[in-house]
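Pasting a structure below so you can have a look.
Chain naming follows the written order as A, B and C, and within any one chain the residues start at number 1.
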Amino acid sequence: MADASTPLLTTADGRPLKAALATAQKRAKRRAFLLVVPLLIFVLLSFLIPIGYMLKRSFEHDGFAASAPALVAWFDANPGFDPANPPEDAFAALVSDLALMQTSRTTGLAGTRVNYVAPGSISLFKAGARVAKDLTPPYREALLALDADWGKPQVWRAMQSASNIYTPEFYLVAADRRLTDDGWARGNDNERIYLYLFGKTFVVSAIITVICLLLAFPVAHLLAVLPMPKSSLLMILVLLPFWTSLLVRTTSWIALLQEQGIVNDLLVGLGVLDDQNRLAAMYNMTGTIIAMTHVLLPFMVLPLYSVMRVIPPSYARAARSLGATSWTTFRRVYLPQTLPGIAAGSLLVFILAVGYYITPALVGGADGILISNLISFNMNKSNWSLAAALAAMLLVAILVLYWLYDRLIGIDRLKFG
Amino acid sequence: MKKLLVLSTALTAVAYAAQADVTVMSWGGAYGEAQTEAHVKPWMAATGTNTIMVDSDNPAPAIKAMVEAGNVTVDVASVEYADAVRLCDEGVLEPIDAASLPAGTDGTAAADDFLAGAVTECGVSTDIWSNIYAYDTTKLSGDAAPKTAADFFDLAKFPGKRGMRKGAKAVLEFALLGDGVPAAEVYAVLNTPEGVDRAFAKLDTIKSEVIWWEAGAQAPQLLADGEVVMTTAYNGRIFAAAINENKPFQIVWDGQIYENEMYVVPKGAPNKDAALEFIKYATSTEGLRAQAQHISYGPARKSAMLEELIFKDGKTVMAPHLPTAPENLTNALETSSAFWVDHDAELNERFQAWLAQ
Amino acid sequence: MALPTYASPLERIWYYTYLVICTVVFIFLIAPILIVIPLSFNAEPYFTFTEKMLTLDPEGYSLRWYDTLLTLGHPAPDGPRDSVWWSLAWEKATWIKAARNSLWVGFWATILATTLGTIAALGLSRSEMPYKRLIMALLISPMIVPIIIVAVGMSFFYAKACVSPDSAVGMVAGAFLSAKGCLANSHLGVIVAHAVLGIPFVIITVTATLTGFDQSLIRAAHSLGANPRTTFFKVVMPLILPGVISGALFAFVTSFDEVVAVLFIAGPEQQTIPRQMFNGIREAISPAILAVATLLVIISVALLATVELLRRRSDRLRGVTGT
């Protein structure tokens, strides 16, 4: 509350100082912000909008809605029909749409959309569309005679929901749900893959994080306690991988680890291994883990090092002089002080590992692939909405971890070298 | 600042605007090379059209993705027969007027000259190729060598890693052939859910030992590196490695699965007219013969077989190396495009899920 | 670190174990990078050491794989190496074309990321900056968000991001866009994608240089009559330059090593070195890949050395001791 009795401080030109300061402050704020504006616009256009576009695609698919006008109209007029027993006019609409799909060559698009939620539908559509123009009423009997599957409630439910352009169904599919005769349910064992791979991706990333931590800890410690010139020299050994092309490193791991590779040759040459029992460390999960550990290790060493470097050695010495064993000193005095570095490095490595694509694609073989590879697989197969839904799920997971990182460590503390 | 300008102008000179007139997408490796030598180079020399070849593991899904994204960069693609039919059905390809194809060198009209089925609504056959399996004769020979499709799945008799193509097509059929299903019944069996389960069950028996390849060039490479003891492959790749690089590879023709390979034009191709001209040129009698002189895939025109085909080395007679040689056809299966047109999507999905489990 | 004199035998053993562990980790880090160098001189088409190589027989070594880098895709690889041959190699050879694309894209992506990033970092390091944390989080996110997600989004968006070649924008930007005037399959599309990926590195390195920056220097320059322009170029720039260059090098390396975005958004005319390597690794690793790898290792060593020198110089200038 302004006190009327105190004289108001003013600037030379008579404005109240408080107001003048606020204006200056505002101007400074605006100026600082203006410097960031060009980059923000650039990032908005080339990064945020594409991601937004992808999110839109994950809810959108007009493959069926655009190629089956009669059925779309019929579903609109009869939203409460019984999918177990659709009337003749529904079948008539279906037959006219199938004939239309055949001439406009959209069977594939429409069938793909329905096939997402009700596997097996695409072959039904293709077989139906081929003969649709020759079918005669009653259409119900004609179609059922062609394939009894046309009478399945699953198919009719799937077509009804596919007649909407916007749908959350791709997320259900990405969560391994499928439409059955009785509504949404878990898919068959041989179709469940996405949640399993999400789980696998997180487990593998955790394993890689732990291995990185175990390998990085002693090295970071050594770098932190060595005198400067020596530590700088060794630091180069950590930074060089960081600067070397990922593809170069992946190539060398293949050369090193494949069955006829250098490591196996060496082990066989030394008589450690029998020629028949060479290690299978490439084109499988082992290969993925080894190569990814190598790629991500510097991201663990650097944050650990920057924390360890500023831990005063006097604390450990004090603990020793007070009678603590070296193990106790490490566990009770040193380790707790490195926790911020452990948290920073582990989170960063984990975040980067979860989204990894290149290394598993090249050295993972069949069982060493992660969720990113499945996103790419669906992109290549033109299953765009599903790829987008999977990518969106991965994005949410990453953003949660990123938020956690910012909370715990602060993004502004991210540094390289 | 001035230095920056100089540098940037220098770099502008580095970037070039030599846009290709025709882009052909094929399978890379020995096959891509054969098509480059037999089709692309002579076509460029004859017409002056700048033509480039780009590689893909499998051009069919790649062009489908391009067309559906409205972002087509390819003018001509080389795809499997079933894919040519399927993609045509799905509106991904431009129709090709069969009447516009050139007559054979002997004057036979194209319609009579091409083998039955070799010209479809959207595609023209470049060759007949086959999925076979092969092994290294320095490792397996004589009685210890595999001879039948069943041997490929016999881990007890032939221990060691197997290479297989990563995809449902030809792999499921091969599994059934290996399980003793006669070639004539394979598609009838595969058309039932039990048949599909049976094929996957057969694959399960060797799953732990399989290294999956995607690009055709990987198969001979896996064999040459000793990473696998036997691998499925495109027969021309094994032939090329054996002849060009003297690799001790032997093809097992039992259980081969053969089909036509087709040139197609994706819908919305940037240079559609030039693409059609290219296809007419490449699938002429000379074009097909030229390709067959570079790789062991049989030409699909009768007029191309009138004279004996000799490999580019000038001595190897091609006939016994072709999938269509009578002695290679004793237990062979022709891919059913009708089956794969309908089932490609769902079987590949199931295959992918099976693979990741 | 030396062992204290009072160390027990157990501690001694542990200490040496610790040194061994560290050595093993260093070997793990560096061996895969160094191993490609000798392998690239293999005379045989294998990527393991042959017996001749191990016995140091000169016949076991050759430069043939380096030669392949010039001849692959060359229309007349065996011809005499005159000026025509070399100019054909420059125009047509697969790896040379890839290198030119990589440099071209990398150069512009670096310029874009460094300019925008440095200006933004100047704003971000001001204490008055509003929503600093949020904006920082946003600008760093291209490094955190998996590249596959970015690539998927871009491949959807770029195919729709088109201008008509006849429009005003099309006239100006047309040369950088695809034949249809789209960002997809265009050099500009790849440049923009790579610039976004490089931005976090520029922001991080430049703000790091600016944390030690004494803002009173700017006020001193102003009070001595320098205008903002002079102040920036004569006072601020020299001090943050090492950070800017490091950031630029990071951005360049990011672009130079990037393959996923290229796989999803680039066309046949935008083949880069990593893209070519990716294909090569998947199909058949011929030692030609190892030759490229060796060249890339040399480049990365040079870049790393530059950054290290710059960092030391920057620390010295700002009066920060130690590293």
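One rule holds for everything that comes next: a residue touches a chain if its C-beta (ideal position, glycine included) is under 8 Å from a C-beta of that chain, and two chains touch if they have at least 3 such contacts.
Keep in mind it's a predicted model, so treat the numbers as computed, not measured.
A.B. asks: Considering only mean CA positions as chain centres, point out the chain farthest from chain B.
C.D. replies: Centre of mass proxy via C-alpha means gives C as farthest from chain B.
A.B. asks: Closest chain to the protein CA centroid?
C.D. replies: A
A.B. asks: Quick one: report the Å distance separating chain B from chain C, using the average Cα coordinate of each chain.
C.D. replies: Result: the chain centres lie 37 Å from each other.
A.B. asks: Compute the distance, rounded to whole Å, between the mean C-alpha positions of chain A and chain C.
C.D. replies: Comparing mean C-alpha positions, chain C is 23 Å from chain A.
A.B. asks: So how far apart, in whole Å, are chain A and chain B when each is placed at the average of its C-alpha atoms?
C.D. replies: That gives a centre separation of 33 Å.
A.B. asks: Out of chain C, which residues touch more than one other chain, so two or more?
C.D. replies: 46, 155-156, 158, 160, 282, 285, in rising order.
A.B. asks: Which chain A residues touch at least two other chains?
C.D. replies: Each of 260, 379, 384 in chain A touches at least two other chains.
A.B. asks: Listing for chain B: what residues touch at least two other chains?
C.D. replies: If we look for residues of chain B contacting two or more partner chains, we find 69, 225.
A.B. asks: Considering the complex alone, what residue numbers of chain A touch chain B?
C.D. replies: 104-109, 111-112, 115, 119-120, 122-123, 126-127, 190-193, 196-197, 258-260, 280, 283, 365-367, 369, 374, 377, 379-382, 384
A.B. asks: Which bits of chain B are touching chain C when the two form their complex?
C.D. replies: 4, 7-8, 11, 14-20, 23, 28-29, 52, 54-55, 57, 69-71, 73-74, 214-215, 217-218, 220-221, 225, 270
A.B. asks: What does chain B use to touch chain A in their complex?
C.D. replies: 61-62, 64-65, 68-69, 86, 88-92, 161, 166, 200, 210-212, 225-227, 341-343, 345-346, 348-350, 352-357
A.B. asks: Which residues of chain A touch chain C once you look at their complex with the stated criterion?
C.D. replies: Against chain C, the touching part of chain A is residues 25, 28-29, 31-36, 38-40, 42-43, 46-47, 49-54, 57, 215-216, 218-219, 222, 225-226, 228, 232, 234, 236-241, 243-256, 260-262, 265, 294, 297-298, 326, 351-352, 354-358, 362, 372, 375-376, 379, 384, 387-388, 391, 394-395, 398, 402, 406, 411-412, 414-417.
A.B. asks: Could you please specify the touching residues of chain C with respect to chain A in the complex?
C.D. replies: 1, 11, 14, 18-19, 21-22, 25-26, 28-33, 35-36, 39, 46-49, 112, 116-117, 119-120, 122-124, 126, 128-130, 133, 135-142, 144-150, 152-158, 160, 192-193, 195-196, 199, 201, 204-205, 207-208, 250, 253, 256-257, 259-260, 264, 274, 277-278, 281-282, 285, 289-290, 293, 296-297, 300-301, 303-304, 307-308, 311, 322-323
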